[in-house]
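Please read the structure below before turning to the comments.
Labels A, B, C and D are assigned to the chains in the order they are written; within every chain, residues are numbered from 1.
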C-alpha cells in the first residue's frame, strides 16, 4: 500500500503547477502550490502516508463535517427542519436557490447550510470556537490543533458574501443568533489547521461505524454515520459531487485549502492535500490522486468489486 | 429473505392510499393506487418476490437507465460532451437551469438529459423504438415486453414541456434530430411495460459487474457499471436523490409509474412498485419499503456493516 | 425641420460601421450596415424625410405593435388575462421568467408575449398571415407591402428558441393553437418589409388619438392608444426600455432589422432605420439619432418643455 | 378642480377596507387604514387638497427620489457607473437579479439601487441623515419635517433583507462604506414623515423644470428633471410600473406607507395617500384615485389629449 501511494504521487506530480490556489484572502494566496501529501488510515489501525502528509494546512470547508457532527450529536433529526440534505446543483455560495427556497439551505456542505449549522451550534455552546477546536483535537488525537487567527480575521474582513447569505436566511427567520458573532465562529472553524495525518484520524469514525479509531470515542451512531457518508457522497465536493461519485465513487469532502478527505466505509479514511484548485474549487491534483487510487484498488462504493 | 419481504410489505400497507398517482395523462391516472409489489434478485441467482411483483406497469423514467446504457455502449465517454453527470438541484423538468447552462443538461436522468440521450440514440439506430424494446427484452429475459401505445400516444399529446426542452437545446446546438421524431421514440421508451420481476432481471447487470445474470451478456464494463451506479446514486430520484441516499443509501432510479429500482452492488438488484407518488414524484410506499429494507438488512453503500 | 433631420444624420454618420447587423439568419446578415434613413410625419400631415427613408427593410419586432393592435381591436381587455403589461427586466427571449411566472409573458413586446398575441390572432382569423398583411397595407397606405418569404422561411428554420417558448406556454395551458402553424404566421409578420416612410404612416394613429392620419380609419380608441403608447414606453426596446426613456423619452418600438419607431403623442410619428445593432439589439445609430432629436427639440414626454 | 378631487375621493371611499397596511414593522402595522388624502399643486401655484391631505405619514420609498436627487446633484452622470436605469421585472427586494448582474442594481428605486445611492451619499456627506432631512425640509418648505425614530429603529431591527443586499453588493465591490452605518442612514430617510401637502411641494420641481415652486431653488437641470421623471415612469411603482403607465400614464413613485406621488410635467405635482396596500405593495385606494384622475382629466403623458 505504501508503495502504491508513492507510485500514485509520482504519477500525478507532473500536474503540479496546474490550477490556482485560493486567492480571495492573502493568507491562502501565499501557499506554495507545489505541495502534495496523502495519508490513509485502515480500520485495522494501519497508517500509510506519502509526500507532505505531516504538513498542516487550512482545512476550510472540511470543517463543515465536524460542525455537522457537533450539530447532529446534540440535535439529532430536528436539525433537518432547518436545512436539507439534497445536492444543490449550484455554485457553493449562490444566493439564488437560497432565496427561491425561502432561506432553507439545500445541505450542510454549501456555505449557507454550514452557516445554519454554525448558528445552531452557536445557540448550544457557550464558547463555540473553543468547543469546536476541542472536538477536533480529540478527533484528530492532536492537542496542538489550532485555528489560524490571521486566516480567520482575513476571512472575516472578506465576509461580505457569507454575511449576505446569513442575513438573507435571517430575513426568512432561519437564523437566530447575531450574524457577526456566528460569522466569527464559522471563520475560526474554517481556519483550523491540520495535516493529512491529523485528518485521517479525525475522519476515522466515518469508516469505523461512528467511533474514533484511536480512542473508541462514540461520535455518531452507525446509522448517523452512514447518513453523513451519504450526504458527503451527494454534496461533499461543491458543484462537482456528481463527478467525484463518477470518477472516485467514495463519500468525500473538500476544502479550498486544497484538502480532500474520503471514506471507504468499513475500511479506510483517506486524506489528500495539494493547494492548487480546479475550476470547481477542488484540489486539482487531489482529484487525480483519488481517481487513480479508486481505479487501481477498485474502491468505489458503487462497485461490486470492493465487496 | 422471503419472509422479510412479506413482513415489510405488511408493515407499509397502511400507507396505501396516501400520495397520488401520476395524473398528467389519463392512462396513468386510472391505475389502481393500492397495488404493491417487490422483487429481489441475488447475484447468486436467487429470486425473491412478494405482492404484485408479476404485474406489469409503466416503467416511465426507469427507461432512462436503459437508454443511457444504449448510449454508453455505442458512444463511450464522448457522450459526456453533450451532458453532465452532476445532480441538478431542481425539479426534473425545469428549464431555468437548462437555459442558464446553455442547453447542456446536468445529467441523463432529468428529462432534458434523457432527451439528449434519445437524440444520440436516434442518430445511431435506424429503428430506435424497436432497438430499445429489443434491448429491454434481452435484458429482462422477457420477449413479451411491449411499449403501451395508448400511453405513448397520450404522452405525445401532452409533450409540450418536453418539446420546449428539446427545442431549447436545439437553439443551443445540442439537439441534432427532428424534435418530433425523437419525442416519439422517447415516449415509446417511457411507455415500456414491465413487472418488478422483469426489472430485477433487467437491472441485474448493475449488481453483477456489467453482465446480465441470466444470459451473461456483456452490457457494460465493470468501470462503466460503477459509473452508472454513481449517477443513479446522485441523480436517480428526481429532486429527492439526496434523501434517498440519506434514507436508503443505494443507487436507484424511479419512474412516475410508481416503480423504483435499486442496486446493492455485488449482491442484489431490487424493484419495488406502488403507483401512488409523494410530492417529489417518487413512489410513496416504494420509498418506505426500501428504507425499511435498508434499515433491517443494513445495505447502504455508505455503511461499513454491509462489507 | 427638414434641415434639422439632415443635420442630425450628418452628425451621426461617423457612427456607421459600429455595431453588428443581426446574424442569426443569412437574409438579415447580408444587409449593408451603412444605410441610414429617417422619416417624420406630423399630425398636421407634414412629412419630412432624410437619407434612405424610402428603402424597405425587415420590420421584425416592430410588427409586434401591429399584432397587438389587431388583438386589442377584436379582443379588448380580455387580452390581458393571458399576458401582462409589465417590463420584463430580462433578455427578450429568456425562458427563466416565463417558467417562473407559469407561462404568462410579461408583455406583448417580448417574444413570448408576441407569440401569445399571435396565438390569439390565429384563433380569430381564418388567414392570419394575409389579414395582418392587409392591415399593415391599410395602415401604411401602401398596397405593395409584402412579407419576405426567404426571411420568413429562414426564421422558421431557426425557430428553436421561439418554439421552446411556445411549447413552454402550451405546457402551462397558455397556447391554444398548433405551435408550428402559429410560428409560421408569426415569422411572416416579422418578415414584413416596409420603409421609414411607410412606417411613420403606419404608426400615425398612435400620435393621432387612434386614427390613421391618411384615411381617418379608426384603429383604436383614444384610451387604448394611450395604453399602447404606455406599453411601448415601458417595454418597447427589449432590455433597453429604461435607457430609451432616459435618453429619448418617447414611446418607441424597435426591431432587429434596425428600425425604431417613436411617437410624440399629439404631434409626430417618427421612424429611423440603420441596420447595425448595439449590444441590446437596438439600432446603434438609430438610438443616437433619436437622442439627438429629443435633445434638440425637447420632445420627451417627461419634460415640461414640450407642453 | 377642488370639486373633482372631492368627487373622486367619494367615488373610491367604498374601497377603503380592502388591501392591507404594511406589517413588517409594528410602527407601520398600527396605522389606521381608513385614511385617505390627496393634494395637487399647479405650476401656477394653485394648491388643491381633499381628505387627510395634511396628515403626516411615513414616506418610505418616496424618499428614494430625494436621495437620487441628492446623488445626481453632486455626482452627475458618474452615478450610472454603479447602477442602471432599467426596470427590474422583479419584486423590489429580490436578490436573484442582483447576483446574476454581479451586484449592479437595475435602478435607483428598487431597494438595492437605493442602498447604492445611500452608499454614494454616505461617502459625500459628513452627516447624511441631517443633510437629507434638511434637503427635504427645504424642498417641502416645512421646517417641521422629521424622521420618526421609532420607525427608523424598528426598520433597523428588521434590516436582514436589506443587509443581505448590501453585503451582496459589497462582495461584488459595489458598496464602499460600512454596511450598518449606511443602513441606519437609509432607514432614517425612509422614516421621514410628511403629508400630501408637504410632498406636492417637495415634488414640484419635477413638474417645474427642476426648480422648487415656492423658492425657485434650482434642484436639477431641465434635462436631469426629465430623466428623473423617465426613471419614475419605468421603475417608480415596484413591480407595477407597467400597470401604472398603462392605467395612469404619469411618472410616479410609491411607498409602503401608502403614499404615491405623481407628476404631470409642466403642470402639476400630485400626492395621494391611503395606507392599505395592494399585492404589489402600492396604495390600493391611491392607485384607484390616480386612475380616475387620469381618466377624467386625460393627463397621461402618453396621450395627445393633454397637449
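In the analysis below, contacts are C-beta pairs under 8 Å (C-beta built on N, C-alpha and C of every residue); 3 or more make two chains touch, one makes a residue touch a chain.
Values in this document were obtained by computation on a predicted structure and should not be read as measured data.
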Least step count from subunit A to subunit C, where 1 means the two chains touch: 2
Farthest-lying chain, centroid of Cα atoms versus that of subunit A: C
Subunit A and subunit D: spacing of chain centres that average the CA atoms, whole Å: 48
Separation of mean Cα positions, subunit D and subunit B [Å, integer]: 55
Centre-to-centre distance between subunit B and subunit A (centres being mean Cα positions), rounded to whole Å: 32
Residues within subunit B bordering two or more other chains: none
Interchain pairs in contact, sorted by label: A-B, A-D, B-C, C-D
Subunit C-touching residues of subunit B, taken from the complex the two chains share: 94-96, 99-100, 159-161, 163-168, 170-171, 175, 179
Residues on subunit B engaged by subunit A in the complex (per definition of touch): 43, 84-90, 97, 106-107, 207-209, 222-223, 225-227, 229-231, 233-235, 239-243, 245-246, 249, 251, 265-267, 295, 300-307
